[in-house]
Amino acid sequence: MCGVFALTQAEDAARLTFLGLFALQHRGQESAGITAVSPEGTLLTHKGNGLVSDVFASETLCELRGSAAIGHVRYSTAGGGLNANIQPLTARIARESVAIAHNGNIVNDEVLRNQLEDAGSILQGTADTEIILHLIARSTQQTFAKRFQEAVSAVRGALTCVVATRDSIYGYVDPLGYRPLVLGKLGDGWVLSSESCALDLVGASYVRDIVPGELIAIKLKTQELHSSLTAPDDALKNKNEHQGRITAYANSISAHKTTASADLEHYRSRCVFEHIYFGRPDSYLWGQSSTVKRAELGAALAREAPADADLVMAIPDSGIPIAMGYAQESGLPYQLGLIRNHYVGRTFIEPTQNVRNFRVRLKLNPVRQIVRGKRLVVVDDSIVRGTTSRRIIELLREAGAREVHMRIGSPQVRFPCFYGIDTPKRRELLAQSFTDEEMRAFLGADSLAFLREDTLVRVMDNGLAAATAAVACAPEQNRNWCTSCFSGKYQDEFAQRASRNEFTDAEF
Amino acid sequence: MCGVFALTQAEDAARLTFLGLFALQHRGQESAGITAVSPEGTLLTHKGNGLVSDVFASETLCELRGSAAIGHVRYSTAGGGLNANIQPLTARIARESVAIAHNGNIVNDEVLRNQLEDAGSILQGTADTEIILHLIARSTQQTFAKRFQEAVSAVRGALTCVVATRDSIYGYVDPLGYRPLVLGKLGDGWVLSSESCALDLVGASYVRDIVPGELIAIKLKTQELHSSLTAPDDALKNKNEHQGRITAYANSISAHKTTASADLEHYRSRCVFEHIYFGRPDSYLWGQSSTVKRAELGAALAREAPADADLVMAIPDSGIPIAMGYAQESGLPYQLGLIRNHYVGRTFIEPTQNVRNFRVRLKLNPVRQIVRGKRLVVVDDSIVRGTTSRRIIELLREAGAREVHMRIGSPQVRFPCFYGIDTPKRRELLAQSFTDEEMRAFLGADSLAFLREDTLVRVMDNGLAAATAAVACAPEQNRNWCTSCFSGKYQDEFAQRASRNEFTDAEF
Amino acid sequence: MCGVFALTQAEDAARLTFLGLFALQHRGQESAGITAVSPEGTLLTHKGNGLVSDVFASETLCELRGSAAIGHVRYSTAGGGLNANIQPLTARIARESVAIAHNGNIVNDEVLRNQLEDAGSILQGTADTEIILHLIARSTQQTFAKRFQEAVSAVRGALTCVVATRDSIYGYVDPLGYRPLVLGKLGDGWVLSSESCALDLVGASYVRDIVPGELIAIKLKTQELHSSLTAPDDALKNKNEHQGRITAYANSISAHKTTASADLEHYRSRCVFEHIYFGRPDSYLWGQSSTVKRAELGAALAREAPADADLVMAIPDSGIPIAMGYAQESGLPYQLGLIRNHYVGRTFIEPTQNVRNFRVRLKLNPVRQIVRGKRLVVVDDSIVRGTTSRRIIELLREAGAREVHMRIGSPQVRFPCFYGIDTPKRRELLAQSFTDEEMRAFLGADSLAFLREDTLVRVMDNGLAAATAAVACAPEQNRNWCTSCFSGKYQDEFAQRASRNEFTDAEF
Amino acid sequence: MCGVFALTQAEDAARLTFLGLFALQHRGQESAGITAVSPEGTLLTHKGNGLVSDVFASETLCELRGSAAIGHVRYSTAGGGLNANIQPLTARIARESVAIAHNGNIVNDEVLRNQLEDAGSILQGTADTEIILHLIARSTQQTFAKRFQEAVSAVRGALTCVVATRDSIYGYVDPLGYRPLVLGKLGDGWVLSSESCALDLVGASYVRDIVPGELIAIKLKTQELHSSLTAPDDALKNKNEHQGRITAYANSISAHKTTASADLEHYRSRCVFEHIYFGRPDSYLWGQSSTVKRAELGAALAREAPADADLVMAIPDSGIPIAMGYAQESGLPYQLGLIRNHYVGRTFIEPTQNVRNFRVRLKLNPVRQIVRGKRLVVVDDSIVRGTTSRRIIELLREAGAREVHMRIGSPQVRFPCFYGIDTPKRRELLAQSFTDEEMRAFLGADSLAFLREDTLVRVMDNGLAAATAAVACAPEQNRNWCTSCFSGKYQDEFAQRASRNEFTDAEF
């Protein structure tokens, strides 16, 4: 997970980019960086490990002169804590400087890296983003936009990024559109951001989403915006027959006339967890409020998996809107049975002597007066390893809970993600090896229920009203959402192969 | 506001004290410190500015050897950012080392400081806590406990503290009991903490509250606990006639047979804001869950000040349980109309160009899909200056709210606090100079209502059932709570004088 | 060892004090501090551990506003690395701020510290300087000068200090004058400094030395300078009979008419090592160039202890001028047989596997082409433990030296110093337990000779011409120099007692 | 200027490399770095800005596991303060890691950099060292040694470097041998170092110098050492005719049978300032002691340019051995007329008000008692801009000097260096635009004399005996030394062109 941000034509571009990243901090706490395009056309970069507010001081932002900038916050994946991986990455290509900030994951990175090194390129870090820079440098196309498009055509996986050169800012979303990127307007300039909450903070207005396969280019001199579209060439078969519609669609996009591409929906593979877990609850992703979507999922869950109980409570924070939706639909009171301690920073210090469930206690504490003697519906967004949920149930029972009915706002996560989310290996996923009943026993709950995958897709597409359709939604009808972590159906051969290898290759 | 913690007979006293302070972090983010009593009887102190997790590294905690320790987190009051003020403060007194950590505020500090300096004492910092050390050093009593009691008898105001010497740990609460201090048990040792949430984290069990005027002494060798009681000598007149009951009470306390001193209730002046605002919502203060108390206040508020609206929402975080109580009592749905961004650290960077209500936006963002076109009941815990509330209402209206009905879970704050809470000067308190109607207009709300002081006191004493008593609670019936910030009725002449001076002395 | 500096009536007092301390850095590398007297009369202090250039940044110096300042560099003595000991020390005394910076050592500190603590004073650190502040605070005299004089009258030992209050700067030297303090003039203001080299750097001109027992006070408003004199009251017996001469002397001092008090010479106990070792070679101490004095000692040594050799070389750096004096007097060529590495910082890293004489090699390296096959006179200033000298001789022999004749520019150091120099305990002094011949064997030299104590005193008093006086200088004729580290004859009972205790008390 | 170090087969390679760099600290204070070859064959690097002792802590050295390591200290040249330039530089080449540390300067770096970028390589920093890595990566040779040799064959300028791969350590000196590199033996392993002083510190013994054009390879497994030789291909014409002698020479080198290649001397272009100024005085460079060489130059200067004076003194530190040589030859006494303050760290703080010659005073202070009324011979190693010398003469006159006769131990520096020494631009060199008489007047000296270039070369080649040869040494006879900064005769077209451009191109 990462967050990207860019903006143009602002008096204090680096300062506003800082604030944009501040609003996107939840997408990555490992490192942060900003590249500003100076009035002279040089790229000025400052980046470092830590939170946005730790990496940047006011003076640093002053030194990042210029009216356009791009920024990045990063959640490191395994083995990636190197300084050389902190983004934006910069390079001199064709005697001109380029900076790039990327959200997603390239699935064929190993193949591309070896090809480049064999041809005599020297890569500095281990981040897949660097590969894109080298592909651009090796391209023999004449314009930067064409060099970029040639480069990304070799790439498979999730690739949402912003790019800065001496004269332009670019925004790009891969043809399957795994990760969001929104376009906003601030004064005479433009803003690009992973989520809309960053637009709100800098006072920008929302224009539209960048659509899958779109490369948007903003000329810094004129603020002219140019959009070009690439359809996925191998993941989907019917590219040619749709070419006419694609062109028409591209034209309407360029004019910002549409933000939803209803008739091209089969081209998308949006990450459903952006709504359920990652996105800030006040963000609007792909046109919908995450808070409202979560409440709808909770309500659908209440219909699908009711419980005979005294009250509904959430595992804070991401479970809260889902629990409220469940409570409202079920008629049970919603109460604060668990308090999350938001004041804490991070600490790695533990007591020498054993304190049961210590790590969970650091964040969560039950309210005995509320929980004692009650039958609880406990709502969470998902179950990955299940270890934390198990400990929370233990804490609730210690606090006197009579019954614990666990309700989960998404289906069973059975497969790893290869598109930018840091999930554990397949064998560590609870739902991979356990049946629902085995999971219930493991968690120590009195009952356990997940939202069905077809219900999830229907609610994501059409809201609560669609939740209880008489007929289940067939997998082939899911043309908008990547649900590969539930189904194991990946969009490309590299992810398919990686997933298969996991059981044979211990060191994957 | 500050937090104190102490514990004895633990293998890793400094480590557990660190965790205790971590749980009390919300009571002070300015500085943190720990003093351990080493096996040789020397006091080892480490302290510094910043969060607990910034001040202490694992190695530092290892160096703080010993099975007993005290700790402190501090919220700096004006002018107090000096290193010399970071607690615990230590001194060599009567050729022996003493460390003290204090929560509260001494109201006659100026008088005492001048007396000490005129007698040739040299004070290092500006913290009132240092005065206590010098009073102890000047005492001619023979035992440490007697020297301590002689020292505190000269002090007026709020004084809850923990003390370490080479052979004992002490806990003390002033005779009016403004600030809480709880006693817990962990293995063979004891724990003292400002709030019960710290007991939960270290795995200690709750024993009882330290009562007003009580000095508790724990011998490190034997873990024997001795309690002695001082009644307030000048704030209340009837000390002598109650002596018999005080003695009986003290005896029962020593045996931990009682935690509530019903027949001595007129001796207390508990800070009501400990429950409403400061205490962590998962803490039990003076025997009650803060979350439940807040919900009761919200319910009482719904009875007293109903509103014709579509939904109830809170100003996060402290308004949440009050709003939920209001919603449940009123039957209106409770919804997440405002999202608080918990991921952010602190930042002092602002955009150069004006972004309306920027500081509020950093923390709070309305959910348009929920707020748009609705009549809202917006609930908060209190109004001090009113500027933030005003900006939030503006944000909600921008997001499309049709009506905003502001409901406050406490009375109008009209007077400054002199007992340890960092309130603004009297003239900056909105309710000091404005009527309710003027406040409503200032805030831009459609309606505004506060909880009545007598309702507050009744609910605090006896719960929601007592909220709607036919007869208003007379001020003289309030024998448990300090409500001086609402009423201006201070318990001592120094605070009375200071409050009067505020209008004449600009430099107070 | 420490260095003190003060100056008045300068536009940028803190900046110039920084430079003064920079020039005195050789007197203490442990910590540094500056207190400026702000235009409003408050004392602004910044201090910290480390070199002057590490402790102070340009902005820090800007914040130390004011036209007068005092400063300190400190060489920590055993157990003194506490922050509370970094000077200048400050305190509020009689409701006014005072800052003090001290060079020397109080020999009756333990007695005074206990007296103060028993009376209820709280001392923060372990530095003896703090005792002076408490003695001033406890004084009942009316003016600051009188309070100060009452305080120092209780003190025994070496006490050269500078003091700042809101309206004055003071300089003081104890009645026996162990440590130097010079007075300089810079524009309309005055400068006080441990050594003249600091006057040179800030562009000040030398006026005179502060004489033993003198307290000089400079009014900040008028730059008026007032001098008062205290004679030693117990160390010397003949105070009264000299009163007339003392008064006359004081008058001439106040008029800066004399810098040498020839007829009161028996009042002095100047540390002879200030010239031989501590003072910067470009300093003028008590009116004489240290470089020239060292060369004279070297020449006297050549007369007293000639050697049949090929060349003379020094152990750098302090041996260099002594060796050059020896070479010139003996007619032997002076050569660079050992190179000192001045580029190095400090390092505490050593090779895991054994490298012979590693610590010495870090600093010194012989030049084989010069040393090989030669008979060397190797000159050093003194021998304390002898371990380094032994290793250097080993290095020289490895490099091919044929003979090594060790010549030392001072007598055998047999006793510890109690007046501010950090010497090892008596038992670790090589000359305490070894004869000259045993020392020669221990060092591995072919011959070894020390300068005689009476020669030293005569050369110090009257230069090289006096070196070879027919008759030895009787100890009672030494009225100017403290030579207690050679003779064991201390000026006060506390040092005498401490020296005796060293053999019985392991923990002294 | 930089320093390089490498060693193999040592239990604590990183620790000893740290010490080696510590001894080479005078060659670069800007940054330091170490790369260790771990037992598993990975390269572990730690590097940073600052002194060696600041960059490395003991724990860091522990983490740099392995029995072989290379290290670097760097003196930044203009514009080179980037982190990406700190050495050793590392890269993955042909799927294997490589680290390189370089001393010198590539004169055709711009040309090579553009070639690489046009071919699609991405360079990270501005250091010319990175170019070598990319040339290696682009080479299609099969072994690393051949790839390296192909790479350096494209490079012109000074290139002395050490390289680490998973199985070998390499040392290389360019065919003209501008910068020194010595080979040492420590136990079973080998040491490579810019100067011999680092061998002394780690306890290694000197084996021989690496000769111009030599690439030495040490296999880590066997400690086998293999040497191969490249002759300069374009700077000198007579490569082919010498091939037989080169081969014979290479064979003798491999057997460490010779350290001086008398019959190939025309291949060398040793930097004469390595001896005069840069090398540590205790180092042996190209088989000679720098201290002795400097003394010889001083003696030759005394013969060539005698002075009627009272004493000889040096400008410390590099002038000292030259001045001693001058004194001994002339019979005048050598005295310490100027003291250098070695205790100081760096400071950039200056007094606000003017202190004349402040920057010089920080380092140097005259001894008035020695200088006053005297006719001085003042000896320095060279004159570059002349501003410091001018100020020192001013200080000496203020201190009372009667006459000042300036004597310089090298010829007039009239041209910039392009081979690794950070000289000012041509127009700032005093001797470029001034005659000797104009320089004398500018400096304020009574007389001024430089050592003649032919004398310098003769003394460097054959010692003092050769100084006063009847016939001047013709330039073509100088086959060992680079004297281009005196003569402007550069060895390659790139430096020639750069030198010519200096007068036309302000931004060179």
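A, B, C and D are the chain letters, set down in written order, and residue numbers restart from 1 in every chain.
Throughout what follows, contacts are C-beta pairs under 8 Å (C-beta built on N, C-alpha and C of every residue); 3 or more make two chains touch, one makes a residue touch a chain.
Since the model is a prediction, treat every value here as computed from it, not as a measurement.
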item	value
Least hop count linking chain B to chain C through chains in contact	1
Reference chain A; chain at largest CA-centroid distance	C
Rounded Å distance, chain C centre to chain D centre (Cα mean)	40
Distance from chain D to chain B - Cα centre to Cα centre, in angstrom	67
Chain A and chain D, separation of their C-alpha mean positions in angstrom	54
For the chain B and chain C complex, residues of the former touching the latter	91-95, 114, 117-118, 120-124, 133-134, 137-138
Parts of chain D lying in touch with chain C, wherever the complex brings them together	10-12, 15-16, 18-19, 22-23, 25-26, 29, 51-54, 56, 58, 61, 197, 200-203, 280-282, 284, 288-289, 291-292, 295, 317, 320-321, 324, 328, 333-336, 339, 341-353, 355-356, 358, 361-362, 365-370
